[in-house]
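You will see subunit A twice below: alongside subunit B first, and alongside subunit C after that.
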Partner chain A sequence: MTPMKSLLKFLAIIAALAVLPFLLRSPFLTHIGVMICLYTALALSMNLMLRIGQISFAHGAFMGLGAYGSALLMMRLGLPFPLAFFGAALAVTLLAWLVGLVFLRIRGVYFVLLTFAFGEIIVLTFIEWVSLFGGSGGLAGVPRPGWFGHEIQSRDGFYLLALALAAFAYASVHAIYRSELGAVITSLDENEALTRSLGIDSRRYRLLTFCFSAFLAGLSGALYGHYLTLVTPEDYGFGVPVNLVVLNVIGGVAHPIGTVLGALLLVPLPEFLRDAKQYQVLLYGILLIFFLLFMPDGLYGAINRFRRGEKGGTQ
Partner chain B sequence: MFELAIKIVINGLTSSLVYILMALGFTLIFGIMRVVNFAHGELYMVAALLVYVLVGSWGWNYYLVVVLAAVGVGLFGAVLERVLFRPFIGRELNGMIMALAISITLQATAFILFGPDEHSVPRPISGVIQLGTVMVPRDRLAVGLIALLILGAFYLFMRYTKVGLAMRAVVQDEEIAAIHGVRPKFIHPLAFGLGAMLAGFAGALMAPIYTIYPYMGSQPMLKAFIVVILGGLGSVPGAVLGGIVLGLSESVFATLINTTVATMVSFGIVVLILLIKPTGLLGR
Partner chain C sequence: MSEVVLEVAGLTKAFGGLRAVSDLSFSTFRGEILGIIGPNGSGKTTLFNLITGVFPATSGSVRFRGNPMSGLQTDAIARLGLVRTFQSATVFKHEPVYENIRRGSMFGCIGNPAWFFRRGRVAAGASKARTTAEDLLEFSGLADVAGTLAGNLPYGKQKMLGVAIALAQHPLQLLMDEPAAGLNPSETEAMGEFIAQIRSKRGIDVILVEHDMRMVTSMCDRILALNYGKVIAIDVPAKIVAHPEVIEAYLGADFE
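Presenting the complex of A and B:
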């Protein structure tokens, strides 16, 4: 497919998704749509990390900092929504750059352990710094997003915002993978020594990926906070990055469409199993083990293989 | 002032020993198999739950149960290696995700079976010992002594047995070790089992001191992470040194300020060490 054609197809899909809630008119389904969009953006940000062979456990913290940041900028400083929203995400990106400078000094799993410790420390800060972050109760009454006096009250409006975010995340991640940066990212995971021998400063690329990934997490977190109108520390702990890894592995890491597939299938689950959250976690765990052992390419890989097999059969 | 200092040191060293038990197993598993065992905290939790059931409900002898729980968790670890980790040798990312999957599966299972409540078992030892003018809780002292014994046994095992030698060889270079007849098929489950057993000991020993609940493993796991980063991932002496550094620094700041500050300071130390010597204190 030519780039023009695939762009049109992408826009058509987004447009179709955008009118969906106005046709269905179901608040519950719209809510699920919002969650799917938010998690798609988040899972794509984790996809970037998995592509460089890392897991970032700081992503819950980044999401939380986006949520608290955007809420506080509106509540305390009275900033308009767009400024608070992007301001918080940029602050998260800056923080990611600072920690990335230290954490990416050594290769391999140290990064994972460090992001884990960092995430825990940030959540601890949310709980302990009561005067700013409101302690375990968090911040209640987070303002709704608004634009020049127009406040977004309806779920449909939120859905459109979340859809725009997911579309932005998908388009940018997709564009990154097709660009030179994407080629470097893939080569870093495959053979770092060879990549570096070409004169590529691998740390800079890792840092760049980490920062953009944090930016996406910050944006999604900010929107999530405004959507719930409540920001509590427990929403941004260890569980977030784990869920994002689950969505990616089950959907398939190799292509961003796999990540979208994972979010589409798994995000609605907890909304239906609301009273049995532990069964959902158990199911996630068992699914993850199953996919790792038997379908390591995820659903995307399985579908691809099936399609290729079918084509091969008819020829 | 002097009393306070002694109190800080004793508290610090008793927690150090438990951190070392956790970190040693974690670092051993990483050193031999290159697996970041995110389920390490859950192995600790499983041992504590065994104590809760066997001692708390069935009234078995506590010390017997400590050994049983540790051996049980060790066997469980060996089975995990054989069934779930073996396909991922040499693939760090997938091994890590598998460990995560095991971690959340065990947590959810514990939650479903035992509920979210914090349980406790009666302490086998109570009271305090008067050391000069300093009061030391007897149970913490006993845990410290038992942990010391286990660590001594572990050291002797690694230092003087053929299997221990083989393990140290694999940590250094698996291929060369294989040339000399060390079979990974044999060493991997053994190392995983041994590491799991150490976590099991830690969990069973701490069960009467702390409360027992499905997420109890996350704190000790965080501590183990910090210890191994401090000491250098894969380094056994590093884990010992890192454990002592963490235990003492936490004790100082927890006594003088509070535990949150203590956690943040230990994280600050980690960042500092990484800036100065990225591979940890004793890392290669």
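Presenting the complex of A and C:
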């Protein structure tokens, strides 16, 4: 497909998704749509990290900092929504750059542990710094997004914002993977020594990926906070990055569409299983075991193999 | 002798109490193939890692075409034209052969992510990378497997591809770490032929670490013999194979 054609196809899909809540007229389904969009953006940010081969457990904290940051910039400084929203995400990116300078020197399980510790420190700061972050109760009454007096009150409006965010995350991550940048990222994961010997400054590339990934997490977190109108520390703990990894593994890491499939499949589950919360983790566990055993390359890999099997059926 | 290309002076690397490379000095000259021999653990690979900036030296210096290399990272050294190959076949196994070589050429142009924003740089690099890849597919005899995933190639071809990826950077000097290791006799012969052409047709200097003495003595202008991280001798092949200390440390008395 030509780039123009695939762009048109992408825009058509987004447009179709945008009119969906106005046709369905179901607040519950619209809510699920918002959550799927937010988690798609978050999971794509984790996909970038998985592609450089470094699982980050700091992403819950990045999301939380986006949520608290955007809320506080509006509540304390009275900034308009767009400034607070992007300002918070940029602050998260700056922080990611600072910690990335140190953390990204370390690989494998030690990187996971370091980012885990960082995430826990941030969450503890949310809890302990009561005057700023409001302690365990968090921040209530987070303002709705608005621009020049127009405030987004409805679920449908939020859905459109969240869809725009997911579309931006998908388009940017997809564009990265299709460009030379994507070649560098996959090369770094596959063989760092070789990639460096070919003239690639691996530290700068890892840092860039980490920062952009944190930027996406910050944006998603900010929107999440405004959506719930309540920002509490427990929403941004260690469970977030775990879920994001699970979404990617089940959907398939190899292509961003896999990440979207993972979000489509898994995000609605807790909403439908609200009355049976104890089974939610169990179901996640069973799904994960099933996929790791039978479809290690996720839904995307399975679909891909099925399609190739169809085409190659005559051989 | 002609122009000095690489100048190593007093190079030392200590890992704790062990001096893997100890006060090593030598120079290479333009147009030369220099062989490096020595028993396992004599510091050959450590020497390569020091020259290419994989880790810093404890003391001493490396100069490439007169410029000091100390403090530079591997990628910066590679972009200056001092490029290495690896002891085991080191390729991007999940990519086709063509894409492997193309990346070899492309990555030097985008070594720093900031260069993405320099106008025309990526496009110019990409078009040069395509030409380079097509040229090197022919030169290295891999044209008929251009579309094959690198990981599916036989080992000998993978090692050949490893060299082609390095050549795609248009190096001035190639540091080859045991190119014949793991190859069968006919593959070894093909590799030897290939290295000879790298010098004669591409004008690239070579430093060759190798255990295959037939290859080393037939190809190299001079040989540097190492033991315990120190230079035993550096001389023309005929004198090295007759050198008593080299025979004792490495070749053994029955070497002819």
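Going forward, the second predicted complex is superposed on the first by the 313 of 315 C-alpha atoms of A that agree within 3 Å, B and C clash if a C-alpha of one lies under 4 Å from a C-alpha of the other, contacts with A are read in each partner's own complex, and residues count from 1 in each chain.
We take it that contacts are C-beta pairs under 8 Å (C-beta built on N, C-alpha and C of every residue); 3 or more make two chains touch, one makes a residue touch a chain.
All values reported here derive from a predicted model rather than from experimental measurement.
J.: Contacts for A:L132 in the overlay, against subunit B (first) and subunit C (second): which applies, first, second, both or neither?
T.: Neither: A:L132 stays clear of subunit B and subunit C.
J.: Between subunit B and subunit C, whom does A:R204 touch in the aligned arrangement: first, second, both, or neither?
T.: second
J.: Quick check on the superposed pair: does A:L8 touch subunit B, subunit C, both, or neither? Answer first, second, both or neither.
T.: In the superposition, A:L8 touches no partner, neither subunit B nor subunit C.
J.: After lining up the shared chain so the two structures overlap, which partner does A:V249 touch, if you call subunit B first and subunit C second: first, second, both or neither?
T.: The first partner, subunit B, only.
J.: Considering only touches as defined above, state whether A:L98 meets subunit B (first), subunit C (second), both or neither.
T.: In the superposition, A:L98 touches no partner, neither subunit B nor subunit C.
J.: On subunit A, which partner touches more residues: subunit B or subunit C?
T.: B
J.: Thinking of the overlay built on chain A, is A:V19 touched by subunit B (first), by subunit C (second), by both, or by neither?
T.: After superposition on chain A, A:V19 lies in contact with neither partner.
J.: A:R196 contacts which: subunit B (first), subunit C (second), both, neither?
T.: Only subunit C is touched by A:R196; subunit B is not.
J.: Which of the two partners, first being subunit B and second being subunit C, lies in contact with A:Q278: first, second, both, or neither?
T.: Only subunit B; A:Q278 stays clear of subunit C.
J.: What part of subunit B is in contact with subunit A in the complex they form?
T.: Residues 30, 36, 84, 87-88, 92-94, 96-98, 100-109, 111-112, 218, 222, 225-226, 228-229, 233, 260, 263-264, 267, 270-271, 274-275, 278-279.
J.: With touch defined as at the start, can you tell me which subunit A residues reach subunit C in the complex?
T.: So the residues of subunit A in touch with subunit C come to 180-181, 183-184, 186-187, 190-191, 193-202, 204-205, 208.
J.: Help me check something: in the complex, which residues belonging to subunit C touch subunit A?
T.: Per the stated touch rule, the residues are 52, 54, 73-76, 78-79, 83-84, 86, 90-94, 99, 103-104, 106-108, 110-114, 116, 122, 125-126, 165-166, 169.
J.: Where on subunit A is subunit B touching in the complex?
T.: 50, 53-55, 102-103, 105-106, 108-110, 112-114, 116-118, 120-121, 124-125, 128, 238, 242, 245, 249, 278-279, 281-282, 284-286, 288-289, 292-293, 296
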